[in-house]
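So that we are looking at the same thing, I have put the structure below in structure tokens.
When the chains are written out, they are named A, B, C and D in that same order, and each has its own residue count from 1.
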Amino acid sequence: MNERAPSPWRTALTAAAVLGFFAVLGSALVGVAYQGTAERIAQSEREALLRQLNAILARHEYDNDLLNDYLDVSAPKRLGAETTRVYRARRQGKPVALILSPVVAQGYSGAIDLIVGIRVDGTLAGVRVLSHKETPGLGDRIDERKSPWILGFSGKSLDEPPLSRWRVKRDGGDFDQFTGATITPRAVVAAVKEALLWYRAQGPKLFEVPPQVEKTRHE
Amino acid sequence: MSDIGYRKIIVDGLWHNNQALVALLGLCPLMAVTNSLVNGLGLGLATTAVLLLSNLSVSTIRHWVRPEVRLPVFVLIIASFVTAVELVMHAWFHELYKILGIFIPLIVTNCTIIGRAEAFASRNPVLASATDALAIGFGFTAVLTLLGASRELIGQGTLLSGAHLLFGEAARAWEVTVNPDYPGVLLAILPPGAFMGLGTLIALKNLIDRYFGQRGTETAPAPTPQPEQA
Amino acid sequence: MEFPVASSPHLRGGNDIQRVMGQVLLALLPGVAALWWYFGWGVIINLGLAIFTAVFWEWVVMRLRGRDPRPVIGDLSGILTACLLAVALPPTLPWWQTMMGTAFAILVAKQLFGGLGYNPFNPAMAGYALLLISFPADMTRWLEPSVISGHSLGFTEAWNAIFSGIAPSSQGWDAVTGATPLDHMRTELSREHLISEIRQSPAWGDFGGRGWEWVANWFLLGGLFLIWRKIISWRIPVAMLAALALVAGIFWVIDPDIHPSPAFHLFSGAAIFGAFFIATDPVTASTTPRGQLIYGALIGVLVYIIRTWGGYPDAVAFSVLLMNMAAPTIDHYTQPRVFGERETQDE
Amino acid sequence: MDELRHPIWDFHGGLHVDDRKALSNGSPIRQAAVPKRLQLPLQQHIGRHAEPVVEVGERVLKGQLIARASDYVSANIHAPTSGVVTEIAELPIAHPSGLPAMSIVIEADGEDRWAELPEPIADYRDTDPADLRERLRWAGIVGLGGAVFPTSVKTNVTGRKVDTLIINAAECEPYITCDDRLMREQPAQVIAGAEILCHIVGASQILIGIEDNKPEAIAALRETLSTRGPDNIQLRVVPTKYPSGGEKQLIYLLTGVEVPSQGLPLDVGMVCQNVATAAAVADAVLQGRPLISRIVTVTGQAVAQPGNLEALIGTPVSDLIDQCGGYRPSIHKLIMGGPMMGFGLPSDNVPVTKGSNCLIAATAEESPDPVKASPCIRCGECVKVCPAQLLPQQLYWYARARDFDKTQDHHLFDCIECGCCAYVCPAHIPLVHYYRFAKTEIWASEREREKAEHARRRHEFREARLKRLEEERKARLRKKKEALAKKPEGGKDPKKAAIEAAMQRVAAKKAAQASAGVSPENEKH
């Protein structure tokens, strides 16, 4: 080795070749992994979404392909989000419920993303929190893992309780607030109420629109 | 190189050279994800997998890679494996993948992995490197799991919550609630809890070392640990 | 003849740590009395619990370290920490939370770092932050001041509330507790009410909440006593309150309908108490004269920021803890000019 | 009134301490008895110790030179009374270290007979300042305020412009009244000394700074000044605040000028002298007397009759205490110097020296024993009182951590050890002690460094020299070989050639040494 020093060009080229070889090898590995998992990943994503939706509306209540029967609507004043996806559940062709994701409420420290299910008769199938930034231990009890409060929406509608009592108790309504935190539950209650009002305005005609092609505006 | 003591590799990896407690490497993911036992275990296993694969490959190619491109090559290898592991987790452990989030791809920046590739695998035969990877990986995983478990226990009074994320639906029932009335000390699962928890674990390890060190000298001269032959 | 020798100076001023701490304790009295007046006996029970816990743990730690616990307990610093923490706690906080917070303050924030003089963070505020982060619901559940609820908690009521969690009223906790003025203000502002509307409620006094503002006034009196006795320097409290008032004032001038007045910020929450009793803790504060001004002012600014945009209603504890971290750096860059040092001298 | 026309600048920090001067300021100066045995340490001043010029058994007369200044910064010592030198040995002295020091012991013969003294210089205004300085040097005068720096050195301002002579009459330390009494009783002497010093340093004005707690002394000086012609002397009364008598603090009080950090008053065109020094100067110049006595305040709650004594240098401390009625039973500590900057004496069997301005026999209440220090709580009291505007608590922190570079960054050497910080410290930390420790350590390491540097240089010289010698040797061998080759038969006697070669070698060695600047003596240490 010592007697014959390789030329710098040769060294550099060998190094480049080695590096290139491993770059190709690494890319190949990633490519293979991607090929091997792509389908499974897509399936997992679908399953995860379905699990979310099924938490609101049980699997046996509908029989259509929920994931492919949706509309993207834009009603920021009512639903809080620029775009909300509306999944339409049907059973034997008849409308069963709509599931709205996301409905956005303005909490104590930022947006709270909700998923809201509304049956065709205007009662709530269920409400869940998708994500939030509320203070741990105070506002985060809207999360079903911290407290069952959010489950209390199921079965409620704009008539039961009446519209005037769609407030937290402190404001003279029917819904519990949490000790130490009023802003968060107040925001969630208001957002759910708005979603119900939106549904009342749009009504069952939402089921008639053909499955999603374009964004449509439904205020 | 032929007379590598496997016992020593294992003991070093698990204890004397524990990456989290002694080398203090990989602390960023360690702090971030250890708010529950399952999260800690999940990231620990993912890290171990990457570590094993990278150690194996680096050890295999150790004679062919020129020194001047050694580090870039190692990084390439590690990055490829991390991406592969990320894809696999995304496919089969979807919810856990969502929870661990950015910390899976960040395994690539975990100094433990490049450190072992450079300090061990590039100088030792394949089998020894695999042993080292497993020992180091399990040592790291053990700390993540222990920290996750203690933070979960103190923070919300449960153990193994979310076990189904890792072990499938059947494990949903494994969750242990110590005391349903326990109010939970939120601090433990929030970021400051990670610092305090890790500090306590390090202190505990030092305490144990000192205890055995003292007892060892009192009874019989314990075999002094040899400095690592790298 | 033979004599003992010692290093000069051979005279001693009458100052000692016990005396310093004792005066701070004395200065707390008016504020504590006001708290007792408005919120009942829970305040006193909390103080007792915290003091007991602090003394107990200091004793244990000193024993473990093989030292005589008496001088350490006798310097009153642990008791002062306990009192500062207890004063900041809601008067019906469950007993074990008070004890846990105090134990954390003494064990982790103070003794683990080496005891008095070595702790980088204000122990009382470290304990407070632990409790607030861990038990935010309990920690933000304050009784309504007696001037509003018309009822001051008796000893037995307070005792039952603290030790058994029994609400001091047949209608449950919600009947006797209310949001603190800061919390209330923030909640109402989030409902897009104007400040002029919000202030029409009978819960409001001259600057802040009824009752609350008087607690602040009595703490202010104690703080002025400390400045008069030269126990604390005027710089930190003045800088902190001035900065808070200035920032609040700027926003207030921009739109007084949605930004509370500077006076509201000064006389609500722990601003006054924090400025005179917490931020001035010499161990953890800046010590150079210019540094103290900067340190205090930054606390004031942080208080406004966290109160307005943060996740918790009050911010004094977090602001002080954050600035504790910055104090050594501030000190480093604000060393006073030494006598005879040329101004132009480059270093 | 002069002083009213001038502002007094207030320096930062300082203390208002109970001055306790009333114990002794009412007692006129008494002559202390001549002791039987006087012990004169060879080092009573800053600088190198003096070299004895007498031998054991030799008879000496009062005022006779017995030890000579051994260096520029050093001071002569004279016999305070007539007698016989009985001993020259290491004996205990009054020094903070408590270590013994070389001293000359004189057994007094009781005759108190003067030696022949130099002529008084009455017309000092027409005398060259250098000659006057020579007189001060002969008289062994040092700063009597306690600093004991040789006055002849301090007044050597050659090449520097001096416009103001400051006379330090502040006497700011509690208890001490010797300067106060001196000014009350001999104001003319003080003024005369000040004028001589003014002439020596070539200053155009004299400022006398005095604290306002000495009204009688102020009155006496004013009276003397009023009878004088020229108006270049001003008496300025400053508020009583410790340490207004610190040189830099006093200069600031009187002129508003800050002496630069780590600089001298000379850097701002000033020289500062103590009142007692001025009086000694007047003695030396106008009467030709050496410095053989000084006024000592003997005070404290634990001495029966506090007062001021003019004592011969070398008088045992115990003698002075006895002449003030002895100790009271409550005696606890004996302090030499002021209570703020003085040092404790382990024993009273030590002599008074030129710097001994005060002896305090203190009770335990007056000067309590140090209590166990608590941790520093960074309260900043020390920052408030530090007259040098330092951050004492930071200095303490770094000194304790032995981080001496940091202590110097924090201006350790601007600390005047006034003790204000330790006085106010609520944690009872002996702060000054830590600063002295840090300074000593820094000096020691500096000396080590210098030594190492010296050794390194020496080593290099030696290496270079050896190399050169070797080369020369080779060159000579070569020459010789060439010569032999040229003249195989040899024209010279080989023996003679060998001797010549040896002589050449010696010469070369000498030349090498000379060129390298190393003399054999230097090599020894």
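Simple rule for what comes next: contacts are C-beta pairs under 8 Å (C-beta built on N, C-alpha and C of every residue); 3 or more make two chains touch, one makes a residue touch a chain.
Treat the numbers as computed from the prediction; the structure is a model and nothing was measured.
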| item | value |
| --- | --- |
| Higher-contact pair (C-beta pairs counted), A-B versus C-D | C-D |
| Per-chain Cα centre nearest the global Cα centre, belonging to chain | C |
| Mean-CA-position distance for subunit B and subunit A (Å) | 33 |
| CA centroid of subunit C to CA centroid of subunit D, Å | 52 |
| Subunit B and subunit D: spacing of chain centres that average the CA atoms, whole Å | 67 |
| Intercentroid distance (Cα basis), subunit C paired with subunit A, Å | 42 |
| Sites on subunit B at which at least two other chains make contact | 186, 190 |
| Residues of subunit A whose C-beta touches two or more other chains | 136-137 |
| Sequence positions of subunit C contacting 2 or more other chains | 133-136 |
| Touching chain combinations (by label order) | A-B, A-C, B-C, C-D |
| List of subunit C residues in touch with subunit A within their complex | 133-141, 173-174, 177, 179, 183, 186-187, 190-191, 310-312 |
| Of subunit C, residues touching subunit B in the complex | 108, 130, 133-136 |
| Touching residues (chain side subunit B, partner subunit C) in the complex | 183-188, 190, 192, 196 |
| Complex contacts: residues of subunit A adjacent to subunit B | 11, 14-15, 18-19, 22-23, 25-27, 29-30, 33-34, 36-37, 40-41, 44-45, 47-48, 136-137 |
| Sites on subunit B touched by subunit A in the complex | 64-66, 68-69, 72-73, 76-77, 79-81, 83-84, 87-88, 90-92, 94-95, 98, 186, 189-190 |
